[in-house]
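First comes the structure, then the notes that go with it.
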Amino acid sequence: MDYVKPNQVVDSLAAAGVAKSRLSISNILIKAILAGVFLGYATTLAFSASVQTGLDIVGAVLFPAGFVMVLLLNLELVTGAFAVLPLSRFRKQITTTAVAYNLTWSFIGNLVGGIIYAALYVIYITHFGHVDESLIIQKVITVAESKTLDYKAYGMDGMSVVLVKALLCNFMVALGVVMNATSTSTIGKIAAMWLPIMIFFAQGFEHAVVNMFVIPAGMMLGADISMADWWIWNQIPVTVGNFISGCIFVGLALHVVSRNNKKKN
Amino acid sequence: MDYVKPNQVVDSLAAAGVAKSRLSISNILIKAILAGVFLGYATTLAFSASVQTGLDIVGAVLFPAGFVMVLLLNLELVTGAFAVLPLSRFRKQITTTAVAYNLTWSFIGNLVGGIIYAALYVIYITHFGHVDESLIIQKVITVAESKTLDYKAYGMDGMSVVLVKALLCNFMVALGVVMNATSTSTIGKIAAMWLPIMIFFAQGFEHAVVNMFVIPAGMMLGADISMADWWIWNQIPVTVGNFISGCIFVGLALHVVSRNNKKKN
Amino acid sequence: MDYVKPNQVVDSLAAAGVAKSRLSISNILIKAILAGVFLGYATTLAFSASVQTGLDIVGAVLFPAGFVMVLLLNLELVTGAFAVLPLSRFRKQITTTAVAYNLTWSFIGNLVGGIIYAALYVIYITHFGHVDESLIIQKVITVAESKTLDYKAYGMDGMSVVLVKALLCNFMVALGVVMNATSTSTIGKIAAMWLPIMIFFAQGFEHAVVNMFVIPAGMMLGADISMADWWIWNQIPVTVGNFISGCIFVGLALHVVSRNNKKKN
Amino acid sequence: MDYVKPNQVVDSLAAAGVAKSRLSISNILIKAILAGVFLGYATTLAFSASVQTGLDIVGAVLFPAGFVMVLLLNLELVTGAFAVLPLSRFRKQITTTAVAYNLTWSFIGNLVGGIIYAALYVIYITHFGHVDESLIIQKVITVAESKTLDYKAYGMDGMSVVLVKALLCNFMVALGVVMNATSTSTIGKIAAMWLPIMIFFAQGFEHAVVNMFVIPAGMMLGADISMADWWIWNQIPVTVGNFISGCIFVGLALHVVSRNNKKKN
Amino acid sequence: MDYVKPNQVVDSLAAAGVAKSRLSISNILIKAILAGVFLGYATTLAFSASVQTGLDIVGAVLFPAGFVMVLLLNLELVTGAFAVLPLSRFRKQITTTAVAYNLTWSFIGNLVGGIIYAALYVIYITHFGHVDESLIIQKVITVAESKTLDYKAYGMDGMSVVLVKALLCNFMVALGVVMNATSTSTIGKIAAMWLPIMIFFAQGFEHAVVNMFVIPAGMMLGADISMADWWIWNQIPVTVGNFISGCIFVGLALHVVSRNNKKKN
């Protein structure tokens, strides 16, 4: 049946990493822009649900819809790639340059996608600038500010907190990619991927690609965030934290465990 | 197993576009009328849920029921066709005339279906004209007016907003068609399609076919909307916006990505 | 995989109609009584959920449980047969007499089942006549009265409304039968059938078999409904309306579309 | 695919009845004790959900979790056996003695399981006797008393009511066993079984095995119920009612319908 | 199809036990640390849901997400191993030493994982020590104290209660491992495993691995719990209780039942 055993999961992830490293720049960009947009859609879905119900958990239960579509269509999400490409590298199937190549263009594509969706969504909710107060506008601004200014206010301690939240986040996001590979059935993939993504979103961890939408959107809506605030207090540390946990906690862990298994056989 | 890989998904969508271009007018009309009616049913289901719970998100979680039936039965939905037929065209499998042929008759059929359901539903909720006040009547009127008069009030800015909301909408609706093709299992299709449709409906984006029911229904119920309001401030720009995003963001994007993949092989 | 394409769905429905026309009277009766009882159970489940939560939509989300069991066990439900047997007739696979034969005995069986369940349920909720006031008793009486006296009060307009609600209802119920045939997997069948049944129940449309339980139950509980009220203002027009929409909107529509397809091949 | 047609469902149930009649006493006992314990767990899960939300329907939606595990592991539940073994008997595949043999030991095992779980659960919720007031304690006592004293108060009418509620209950429980056989897929079995079990629990019908936990638990917690109250006003009439509906409405009905089908072929 | 019959389930569990006994220490440790971390994530997910909704049952419905990932990836969870390894031992496929070997290292790994997640999570929710009051902080402290001091307050009676709650807990957790083996399909595994895990978490039973996160986390947040309180009044008795029920109620029960079946063949 469709269940895929762990060792085969690791093999298929390593193979996926190789395939990703061979995509053309234009393909990575298009697929990464789509992925960035999809996570934007999912984030605003979650915000709508949260605002209406007053319960963030409802938003978190629905959020994985966007992530699931990204992986069913095999688009390029840099945070997922943070686990997959290093795995292929640890197995010596690709070079470090190939890893950097995909990650760079995926990052750029995701960023472009997030900003495009932010611009369109802001036009919508502000009625092209005619409306500046609503629950959803307030929600976006509040989240964007809490994701930047709250860390800045605490200096290096804030930096540590954002890094820890990024570590905690991408362990789950990268696991979403792993879960996708545990089934060859669409419903199995959907159900399995849903779990870690719901877990991370429900707890407000820091995800680089979600932030590529939510912080620019907040800024467009008038949040008191400078470009430096965005990048220094969120985007850079979050990307670093996401990379570390994807690479080490998932990529390396899978590599070591599956290598040991191989030795035994 | 039933999961279909992205490249095969694109191939099957292109093939579906070819098949659609060869349907007889009567077949397109019957299938498009049914599709229009089904989305009408789904919309009033969502309204019932929203009115009872006071939470639009509940309606949005249930709304995809109608869309799913449309695609399981391979009916004709013009907004889905906005992505599928251009894709076949980009691949040079059909002519531009063939695209226009299907889109025209699908549009007409969907419109007829929406109006038929509107008429029947209005008979029901007004008790054949004996009742003119209820929560659900108020809901239909409010939604219909907000989908027309709200844009009109802002002139060209309103026109831009409705266009953006139509773009945002049909990206997801067309993705629903794509998601349908990611599985050869009924449960997989249902679950995958549910995601983008829930996303678009939850956020109040503008969908041409839903509006073919909800605005006429509002007008029949006495909403202060003229025929010109309906078409100029909603139906035409929404159809244009839906077409652009279906054609470009989904049809063209899939074409380019899959063509690149093909070249590599 | 388990997804069944539309043309095959129509073929299998037509074949099912032939099989239904060949059942013995005793088999139809037993299977129709069971079906009537199951819809009774599902209706009281929905009522319990509605009464407890104050939200009819919750009852509607749960109601399809009964319908699903009816179809998984291939029992005889006259409203479903309203689409399936005419389809076989349009294809000239069975005679009009055969259609009338199954429909007659299914109708009688469903009616007997509904009344039996009503009697047992009334014994339960009235504690054998010792209790005459409770939320659930009130709910059954209110629904039964609204399904008869409300139409009567408006004369011919009321008759038109009940007919329209019966048309709207059985389009969905017959689609439930169609959806059942879109999968050869149990979970696929359950999920697909759930959709149209939830849609019809959530909006209070008029279903002949549900009414065979709820109106007699209301009468047994002391609702102010005469036998004439039941049959003239509900059972007969609802059955007629259910038949028309099952026969025309589903049976004939499927026949025409699939015939056209065949011609092309 | 995994959907099993009704006639094969009946065949497989009859075969399961034969297998059950050949189990050793120790196997029946162990499997029946486990089943009794599992339904105890499910009942307290439902009570927790009901008490927290104030909605019994939420408990009912979750309750089938226990029943599903019993059937996935093919344990021995006497109320399910009330349909399956008579079916094998009607088909003359086993003797009446064999039926009585399994039913007797299953009943005893279920009873032991229910009482064991009651004892452990009471230790937990009373903190070994140090706590005698809590919402959950009150819930167990109230339910236990309503399941005995309420019937006793009405004499023979109460006896009729408990019998009717037992008839209504086991029609659904036995259908749960039938639903289990409609699929050879785990998810299909789970979804199909869930339906009738949710239906019976949501409406407070009387199930012999659930009562083997809840009434003893109530008594241990100080409910004003004598051993005679338990057995005369609940356990004996409920078991009789459960047996009649399992045996006649399900076992016999399936036998007759499938026999007729066979004759036709 | 993917449903696995009970006897094969037991065979596959016994085989899994043999495989577990042959893992290298480093593999057990990595896999056990991951498992400990995943249950930590799931616990804080549940806490978030409970705190927001005021309903612990909502948290319990979501909690199994973590457990499911542990088993889909075949990680090492000592409480699951409490059933699986003894089963292999009862079948004489492995030695008692091999049982102890896996259990020891799994226990250590789970403990390390729980503590690591506790440390990271505490950094997050306290904003690196700058925040010491929030609903979620209060929740963690309250749960940690109730899982230790509440038992201590009652002396030996408290010890009995904690032991009973540990017995009740691991019956369900070990069943989660059994349920995982009832399907070879990912969706089937997920759905089946969800049931017993939801049952145990919803009722506040005592699970050794969850406590390896929640009690240290509470202590880090300033709960009034000494190291002795943790180990004497919770970790040791809970581990013992979990072991007994996993080993006897599940491992031994499955062994005896399946052995009897084998004899018959």
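In order of appearance the chains are A, B, C, D and E, and numbering begins at 1 in each one.
Keep this in mind: contacts are C-beta pairs under 8 Å (C-beta built on N, C-alpha and C of every residue); 3 or more make two chains touch, one makes a residue touch a chain.
The chain lineup, named per UniProt: A, B, C, D, E = Formate/nitrite transporter.
Keep in mind that this is a model prediction, so the values were computed, not measured.
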Shortest chain-hopping distance from chain B out to chain D: 2
Rigid-body rotation angle, chain C and chain A, from Cα fit (steps of 5°): 145
Interface composition of copies chain A and chain E: same or different, split at half: different
Geometric centre distance via CA averages, chain E-chain D, whole Å: 29
Between chain B and chain E, centroid-to-centroid distance (C-alpha), Å: 47
Chain E: positions in contact with at least two other chains: 1-2, 183, 185, 187, 189
Contact graph of the chains (line, ring, star, complete, other): ring
Ring of chains, enumerated from chain A in the sense that reaches chain B first: A, B, C, D, E
Sites on chain C touched by chain D in the complex: 1-2, 22, 24, 26-27, 30-31, 34, 37, 41-42, 44-45, 48-49, 52-53, 58, 62, 65-66, 68-69, 72-74, 120-121, 123-124, 127-130, 183-191
Chain B contact footprint on chain C (complex, rising order): 1-6, 9, 55-57, 61, 150, 154, 157-158, 160-161, 164-165, 167-168, 171-172, 175, 178-179, 182-183, 185, 187-189, 191-192, 195-196, 198-199, 202-203, 205, 253, 256-257, 260-261, 264
